[in-house]
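What follows is a group of structures, each given as structure tokens.
Across the two complexes that follow, chain A remains constant while its partner is chain B and subsequently chain C.
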Partner chain A sequence: MRGTELIVVMCTVILIVAVTTAVIMGITAYTPGPEVRPLAKFYLENCLNLWNRAYWAASPEAVCSMLWDYRGIDTLYETTVFFLAIIGGVTVFRLIEVTPPLESLSEKIRRVLGLSVIVRTISKIVASIILIVAVAIAAHGHLTPGGGFQAGAAISVAPLMIIIALSRYFLEERKLTKERMLALRTVGLLTIWCTVIIPLIFALVGQVVYAMQNQAKPWTTFPGFPTGQLSTWIAGSLFIYNMAEFVAVGAGFTLLFLLLSLPEEVFREFMRRLTRK
Partner chain B sequence: MGSTTLSKLGKIIVLTAFFFLIYVIASASITLLDVVVGLAASSVVAVLVAEILVKSPPSKLIDLRRWGWYILYALHYFTVIEWRAHIDVIRRILHPKMPINPGIVRVPYHVVTDYATVLIANSITNTPGTVVVEVDESRKYYYVHWIDVISTKEEICYEKISKTFEKYAKRIFD
Partner chain C sequence: MSYVIVLEVLLAIAFTVAVICTYMVVKERDLVKAVVLSALQSIMYTLAYYLLMAPDIVLAYVAVGVGIYSVVLLFAISKTERFEEVEAR
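Let's look at the complex of A and B:
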């Protein structure tokens, strides 16, 4: 009893000290002022500067221009690392070679596959709408907040809902398998990498080029990616990056959801068979 | 071209129009780029979900009489029916004696399609005082939690809870 009380007292003291410290630091420490700092000023002035195109990124969305142009290399390796993480996930689950056929499942599991007709029907409608809204987010990544990663995260909610409401067998029957998702993921990443090295190809014919960036720099002779006209403003390579990232992230998350949605009983049964061999 | 192919094509065309509308609303712009990307994406999504979303022939999707009943139902439901249900529950909450008599009753339904079943169920749940807690699809019963169980007889429950909804749902979806 004494020990418990002591712990409670100590926790309370630590909490009070921590909160007080945080509040005092919040009052006295440095907080950014309302004025725009030099770095932010550079981005705001240059990301869509039609009159001085020396360092522009052809994107009305400053965040998108930073992500895929000014600090594009960072995003490039970030998405590659994410790909490796997915590969790691697939490796951990390598034991499960195939989804067990529906008939082989026990009656107990088959009964809990899928929810009531209300949830099933509404999930179908909402999941379909999520698919098209996600494309809208990706295709407007260079114009409005959003972009490839956000759209990919959004679209992966659709298969997640379907797995919960209608079970993963609904997806497997419609050929939405983890192998195909891995292929899509690879296509997305390859598209990004190919777009990165397109300017480098022009170096073979004697042009002064750059890698990763969207538009031409003052010292390069490669003209940069086509930005499009007013009603078809695609912001050079940013549109390609956003769409490819959308495919890659969406497929990656869907792959993980498919792996994680295997019923535990199925997994255990598989392990049992494996150890018996 | 067989009739099944034709019917599938019809579904895809109607759904493409529907998804393109949602694309335009979600992105809040309609430039040339939106039309190209939007139509391409809408048709891909429509092909993917056509057989999942629509099981009936596509002529049903563009039946104006069904759409008319749908609009009429929305007007009736969100004004008169919701108003009455809200007033009833508010009265029970504010009443000093709190006159509630809650319980779960069994309500039969007679519609065929999934959409009609869901429309009735969600209409029941969305009005204060009644909540569908379970659907028995094989025997066609809703189990409804009711704030004031007048009677546990199926006919009376049906009369009081879901008769109006079912009348509309039949004309819209069945």
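Let's look at the complex of A and C:
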């Protein structure tokens, strides 16, 4: 048995070395190098072109400009699909109306809630650091790598750690219940959709605009979202989108973890009560 | 030119470790250990994304691949058995 495993590992290593050598020798056409291809050149030249503002997105971050401006509709529907996925998850748990109070749990369940003092303290410290980092990623999303989804995924690690180290009751005592998370998630998505529709309001008064427009274009009369001053550059609607997506994704993931961390005993008890009726 | 060579060697190391981790995940009987190895594989992919100059993907991948994905699997393991049964040979 050991011999077969060794042969498999050896074959894998030989394959990887061979493929790497081939790639280094240039067998594939594309290797990441200093040259820039035409499509990338367009975005890099135009995303913060202060001299020719015809195609600009008012953001130095090309990726964020693409996600929320040039290819904004893609991201819009993507985040809507993610919302529907969360709704699907919530539907599975629809029978659980309220979380059982801590006192009603049996002694056996209460004993496994939370970990030792060392883990609890370290988790609290790390979770607060994660919160700060996530807010920074979201708020700088239009200036540096990062953005709404990345920040939302990062911040959801904090409640996840807290659920494991301190149990979900720590979150619920601080009013982070699943109903509020669903409300926050919805508010985030509604903010995104409202920001998409804002330019269309100008169409009612005869302006030429298109949906999800960020900055003014030569062929439209929409003035564009404010870009802010040099010290507080908010890049028009990109900042709003990033913050709304941050709230939406963070709340969505937290909601799923709150549902997943319900003790199995709670479901059994609930089903027992349901069948007795 | 030397920059590209260094980049590709680092990429090759990252991907090699990732493939070895994947193999060990498949062979591992202890599912918790398998999740940790899978997180290590995610870290290697993150390194590869960083080397390929995609810092936006790095930020999302590190949170999802190492944090969220591992913990969702751990939740799943906590509902079943930790050790995979050795099948009769």
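Everything that follows uses one rule, which is that the second predicted complex is superposed on the first by the 242 of 277 C-alpha atoms of A that agree within 3 Å, B and C clash if a C-alpha of one lies under 4 Å from a C-alpha of the other, contacts with A are read in each partner's own complex, and residues count from 1 in each chain.
To be clear about the criterion, a residue touches a chain if its C-beta (ideal position, glycine included) is under 8 Å from a C-beta of that chain, and two chains touch if they have at least 3 such contacts.
The structure presented is a predicted model; accordingly, all values stated were derived computationally and were not measured.
Legend: residue contacts after superposition of the two complexes on their common chain; A:Ser167 is shown touching neither chain B nor chain C.
Set against each other, chain B and chain C touch different numbers of residues in chain A, with C touching more.
When the shared chain is aligned, chain B comes close enough to touch A:Trp233, but chain C does not. Judged by the touch definition given at the top, the superposed model places A:Val23 against chain C, while chain B stays out of reach. Once the two complexes are overlaid on the shared chain, A:Asn214 sits clear of chain B and of chain C alike.
When the two complexes are overlaid on their common chain A, residue A:Thr75 makes contact with neither chain B nor chain C.
After overlaying the two complexes on the shared chain, residue contacts for A:Val13 are found with chain C alone; chain B is out of touch.
Judged by the touch definition given at the top, the superposed model places A:Gln150 against chain C, while chain B stays out of reach. Shared interface residues of chain A (contacting chain B in one complex, chain C in the other): 137.
Within the complex, the chain C residues that touch chain A are 3-5, 7-9, 11-12, 15-16, 19-20, 23, 27, 52-53, 55-56, 58-60, 63-64, 67-68, 71-72, 75, 79. The touching residues of chain A, counted against chain C in their complex, run 5, 8-9, 12-13, 16-17, 20, 23-24, 31-34, 63-64, 137, 145-147, 149-151, 153-154, 156-157, 160, 164, 253, 257, 260-261, 264. Looking at the complex, you find that chain B touches chain A at residues 19, 22-23, 26-27, 29, 31-34, 36-38, 41-42, 45, 48-49, 52-53, 114-115, 117-118, 121-122, 132, 134-135, 137.
If you check the complex, the residues on chain A that touch chain B are 116-118, 120-122, 124-125, 127-129, 131-133, 135-137, 139-140, 143-144, 174, 228, 231-234.
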